[in-house]
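In the two assemblies presented below, chain A is common to both, partnered first by chain B and then by chain C.
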Partner chain A sequence: MTSTTTVTDALPDAVVTSRGPRYRQQLQQILAFAGLVVIFAFFSVASPYFLDWANIKGILLATAVTGIMALGATFVIATGGIDLSVGTGMTLCAVMTGVFLTNLGLPLAVGVLGGIAAGALLGLVNGLNVSFLGIPPFIATLATMMVAQGLSLVISGTKPIYFSDVAGFGQIALGELVPGLPNAVLIFFVAAVVAGVLLSKSLVGRYALSIGSNEEATAISGIDVRRWKVVVYTVAGVFTGLAGVVMASRLNSAQPGLGLGYELEAIAAVVIGGTSLRGGKATILGTVIGALIMATLTNGLRIMSIPQEWQKVAVGVVILLAVYTDILRRGKDA
Partner chain B sequence: MKTTRAARLKHVGAAGAVALLLALGACSSAADDGSAPGGGDGGTPYVALVSKGFQHQFWQAVKQGADEAAEELGVEVTFEGPETETEVDKQLSMLQTALDKNPDAIGFAALDSEASIPLMADAQSRGIPVVAFDSGVESDVPITTVSTDNEAAAAEAAKHMVELIGGSGKIAVLGHDQTSQTGQQRVSGFVDYIEENAPDVEIVDVQYAGGDQLKSADAAKSILQANPDLQGIYGTNEGAATGVVKAVQELGRAGTLTVIGFDSGKAQTDAIRDGLMAGAITQNPVGIGYETVRAAVAAINGEDVEPVIDSGFYWYDATNIDDEDIAAVLYE
Partner chain C sequence: MSTDPTPAVRAGDPPTAGTLLRVEGITKSFPGVRALDDVRLDLRRGEVLALVGENGAGKSTLMKLLSGIHQPDAGTMELDGAALDVRSPREANERGISIIHQEFHLMPDLSVAQNIFAGREPRRLGLIDDRALARRATGLFERLGIPLDPRQPVSQLSVAGQQMVEIAKALSFDAKVLIMDEPTAALNDAEVRTLFRLVRQFLTPRTGVIYISHRMEEIKEISDRITVLRDGRYIDTLDTPGTAVADVIARMVGREIRTDVRPAPAPAGRPVVLSVRGLSTRRLLKDVSFDLHEGEILGFAGLMGAGRTEVARALVGADRSTGRVEVRGRAVHVRNPADAVRHGIGYLSEDRKRYGLLLDQDVTANVMLSSLGRESRAGFVRDGDARRVATDMVRRLAIKTPSVRQRTKNLSGGNQQKVVLAKWLVRDCDVLVVDEPTRGIDVGAKEEIYDLLRTLADQGKAIVMISSELPEVLRLSERIVVMCEGRVTGVLDNADASPHNVMELATRFGGAEHLLATTGDAR
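What follows is the complex of A and B.
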């Protein structure tokens, strides 16, 4: 591994400065966090049942699957790309885990790693299509979104695959290594820490941000942009695979019809967290807060018995507000 | 060096794509074998079924019934449907394509009871008899409608809920779809029964979570959180009901809450066997498919068909889940 300093040195000056001073990114995180606190305070006052550990645990658990997907999506969005395949891809990974564990009876660890590997493979295909075939990310991942959805149904024979006979599988999401905290939440937090280190301290993260800021300049400075994009999409795929395993464990089954629409929630979480869809600016902490905001909103509105129709309106408005405050802030800085 | 590798990868990618397409092509042509739709002229009669979906276990069971009838009556049947039950436009284009194949009869499960009216007229002008199944169409073209009486089925669920919670207490409903007729009737039949027959039972909340298990589980948890003294929850389809069971399990509320479901699926039947769920209503999906094809064949032969064919529903719980007539209509 090359050290951080060398990585930064290798980048052209323009790229480094356009990433902006550190406080800017921190400001957006503070804003997002303040938003989360406001939402939390609001619901705590609005409903006596909201501020309760059982409910907080429920919110965290509801965040886990989308949150893990959003972690991966952050890397892709950092390059200025987009990954629409994470939702149905997650389902495909759940189905593959089912095939490995239930149909083939492989050991638990092999099945879980197999499910994650399926996600990596999907990400690899996305990366190759984007980098080497030159297909725009939106289209490339739209295509794999459909392929993944179709393959989930084909492979599972359109039937859910159950894990009832796989000892210990349910523990992956619902066991409690840390008493009181479901493992799914623990996995999400650990994955977030890993993603945070990858994005800010490793080559793949630095190059992803650099590609997102200025792809040409990054290429001119001697970085193999195409190869690193493949790595970025593959990393996103690994998180997709992990999300698939966690979901399958929580539902004790791989539901082949599920998944469509989850990619948009993941992207929304990333955007609320202050990551720019134009690339070059992304933080994992922001994404985690974004995912928490999405889950907290839905949970709070449900507890207040607000109809689902209005819940969607509320989430949409929050996305607009989040992006608009980001634009205001950047306008002032510029 | 770099270019060579890029070029090589490009070729690998292209070759992979071609291989994938070939594989998919092989799959689809294999699937077409034996069900290749002939036109309406000569040979075996052909009945085209356009359903509301095919992914869901329920539709697979309908297909199974249709296939059984097709074999028994010596007709060819094709079965297709959109991916989700909101894709009204996609379903209409499937119906259009089905009509263009000039089948001897059409079976149609309308996602939207009015959107298909023009196509119904088209079928009529071509002289193709239409059998509506699962839910009705706002048109007098279909010669019959084969469906579950969802209002009555939901009322049956309500009746059992009232009995199981001892005639009084707070309950909630977790619906799967507030826009389709079936989704609405599954709720209204339940709510109406409670309002008319159980003055001491209060429905504190009716929420919808799209029939998605994960979202239904989170929604049910919110409802339980907001109503600590809740006695029972009714989930209106497989996804909603298993989501409720998931929520009860995760909150450790098993045994303190009466859960009633709808349809089947392994997760739901397991929950009933394990005592996590008190019982559920099952439609007769195999019967719907079977009766649809049978009515279509009757129409082809010019026989009279009843204007409404009720395919029936059953209440099942741990006591009768393995009875022959119940087991026959449950799906995994």
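What follows is the complex of A and C.
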């Protein structure tokens, strides 16, 4: 532990024996990473096709969309809230991107930014409902989850919107700026770095963690908690929008029927990464690892020809294990 | 379970002979505080024993020992001559000790009957028998003469009605000892009469009542004897008839107060920093007015529930209030704590773990919390600067921590309090509202906090200090505002203040005289 102060000459006993917070945060990520390595090693041995680069690329591509959503969800969960609308919200953003690019024929950049803006708007609505109407996050975002699903179907006329005529749209996710690595994965990693900086260095991130640690104390300290919650949900919405664009580009279409269930995968990724659902404790690195674990697990089980039904069972068990080890660990230092 | 209402007075049972409950040599410590030190008490059969003492005298702790919430470190407790060693409130109930707490423990959405018989509902075929439940409750109410509808949800009852439910619940156990903690705090005169009638009805040669209250007139009326605690010690037990209220108060505050350390009289002509007029809240505060000067520590004294914390919360916008607040002569409208902080008012809550600290975060995060916005650049926090500021504060306030990266959870109470104080100093607040600044802090650290507050005032900060510890108020504040039942009952200059006149003002209950007049025929 590094000491930056000069007062170490006067330590109460209780303080000396306790371990620093950095050690603990690192441990949480090390554990998650170790889990990822174990799963990876297991499938490498169990299946000869697993380590194939094409397969690894598939895992990374699958990680990208859920992962981007999970990045945004991390902020909401850091406040002790939850966002159930990210799955169908992502679909709504994909559909809106389709409307802008295919139906209205707007320039590529405008369409992409429009899709992301749609996500921000959805997040803003969630934030306002939670903050100013006082609706519990679970209910507020359950409602917008349904609204987003319905709107996707209404706007698209329940039919997929194809981007075949939009030059370059498919390149957003599947082009390879870095040879061999799909852009979707690159976007995910860049988004993760941005999210990481936002969470640990910006006011939004700090206030999100403060609110999650102790909302009342944060309010008494003079922070406009309601306003900052709106910002947090809006940030999550931006990531949802980005996920929608990447998803649409990958499929080269906006599929209005998709989306439901993605929110649970995103939340699972966040939780596996060691972020506490009670709020106050969150890391982006954890979320990235969590998203990788989810995708690796699904991919590996599929490659081993485990039926889809059983894949779900396995994923559920992994979530339980991940959260339980977190509880065990925290029980010790409490 | 038997709820036999009328235990017959058996022949040969002397009406009030013998001890029902005996407590001897009880000692109980909490981290940093010795709450009870060699305390004794005996409750005789058929009597009402009043238990009095200032806030922090140890009454509540003693009750928690009797009700099994805590266990004593040393000493013995006996009920009916048998050792009383209860480990939980349920065990205490089973042994015949029922407690009515100051705060209600009711489930608002359940019915009156469900609340009273929670955990021991009559069952038929494994399911709750609602009809038997209602019948049992009705029987209980008829016996007690309480006009309550067993099927009504508790949330629809008035405060007094809820109090009645608590009492009925306590009496539904076959209680030998009934302990009431400030039972009349929320009741009007008529309801107090009903309560007293219930108490007398409960008394038999095999039962007794311990009655905790600050209201001397009620104690005079209902009790047979009065036991006084002070600073966690047993002081005296007096027979109520023939004892003057002044004698009781003298024993309550009789501790030696260090009169040698008193603040110097305030120099005249200091500017008013905070001016409050007619501050009122819907629930408690009535027309609270005061001025706070630059460099002044203004003490707020009063008993539990007098409304001091409510004043603080109203000032910082944590609760809704009406009235006029001026900061340096300019009227301000404080709707929430963010407004208060903008106007330079910072609040140290009496409950620092709930309202003061981010326990899971480090010293830096806590010290900087209020100032992050101001110290950031383009929405990004400058961690190097933040750590420097925090380190500087750690040094200035002598906060004992191995590093500014230490989580505040691991600091001692005194150092946690300093961290909260540091937060407001970094934010440059001119007005500090400190609520019970030394609660749960050990003696040495208390002195440090006192020195710190004094130094801050000398540097020009204006401080509102709420404290239940009279010596603390007398030692630090130039002037003392005394409150009772949400009103200001007096403002004293330190030189004129004594424990006695503060206590008198603190017990100036509105209804007291009226109550005295109506008690003549009641007994």
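Note that the second predicted complex is superposed on the first by the 314 of 334 C-alpha atoms of A that agree within 3 Å, B and C clash if a C-alpha of one lies under 4 Å from a C-alpha of the other, contacts with A are read in each partner's own complex, and residues count from 1 in each chain.
One rule holds for everything that comes next: contacts are C-beta pairs under 8 Å (C-beta built on N, C-alpha and C of every residue); 3 or more make two chains touch, one makes a residue touch a chain.
Not measured: the values here are computed from a predicted model.
Of the two partner chains placed by the overlay, only chain C lies in contact with A:Lys201; chain B stays clear of it. By the touch criterion defined above, A:Lys281 reaches chain C but does not reach chain B. Shared-chain residue A:Leu133: touches chain B; no touch with chain C.
Contacts of A:Ser213 after superposition on the shared chain: chain C is touched, whereas chain B is not. Within the superposed three-chain model, A:Thr158 lies in touch with chain B and out of touch with chain C [touch as defined at top].
Contacts of A:Asp224 after superposition on the shared chain: both chain B and chain C are touched. In the superposition on chain A, no contact is made by A:Thr91 with either chain B or chain C. Of the two partner chains placed by the overlay, only chain B lies in contact with A:Arg250; chain C stays clear of it. Common to the chain B-facing and chain C-facing surfaces of chain A are residues 224. Of all residues in chain A, those touching chain B in their complex are 47, 49-50, 52, 54-55, 58, 61-62, 65, 125, 128-129, 132-133, 147, 149, 153-154, 158-160, 162, 164, 174, 182, 224, 226, 247, 250-253, 255-258, 260, 295, 298-299, 302-305, 307-309.
Residue ranges of chain A in contact with chain C, taken from their complex: 1-8, 10-12, 14-16, 18, 20-22, 197, 201-204, 206-207, 209-210, 213-214, 216-224, 280-281. Those residues of chain B lying in contact with chain A across their complex are 2, 6, 9-10, 12-14, 16, 20, 27, 54-57, 60, 83-84, 178, 204-205, 207-210, 212-214, 217-219, 221-223, 225-228, 242, 246, 250-251, 265-267, 270, 332.
Considering their complex, residues 316, 318, 336-338, 340-342, 346-347, 349, 354-362, 365, 369-370, 372-373, 376, 379-381, 383, 387, 391, 394-395, 398-407, 410-412, 415, 423, 427 of chain C touch chain A.
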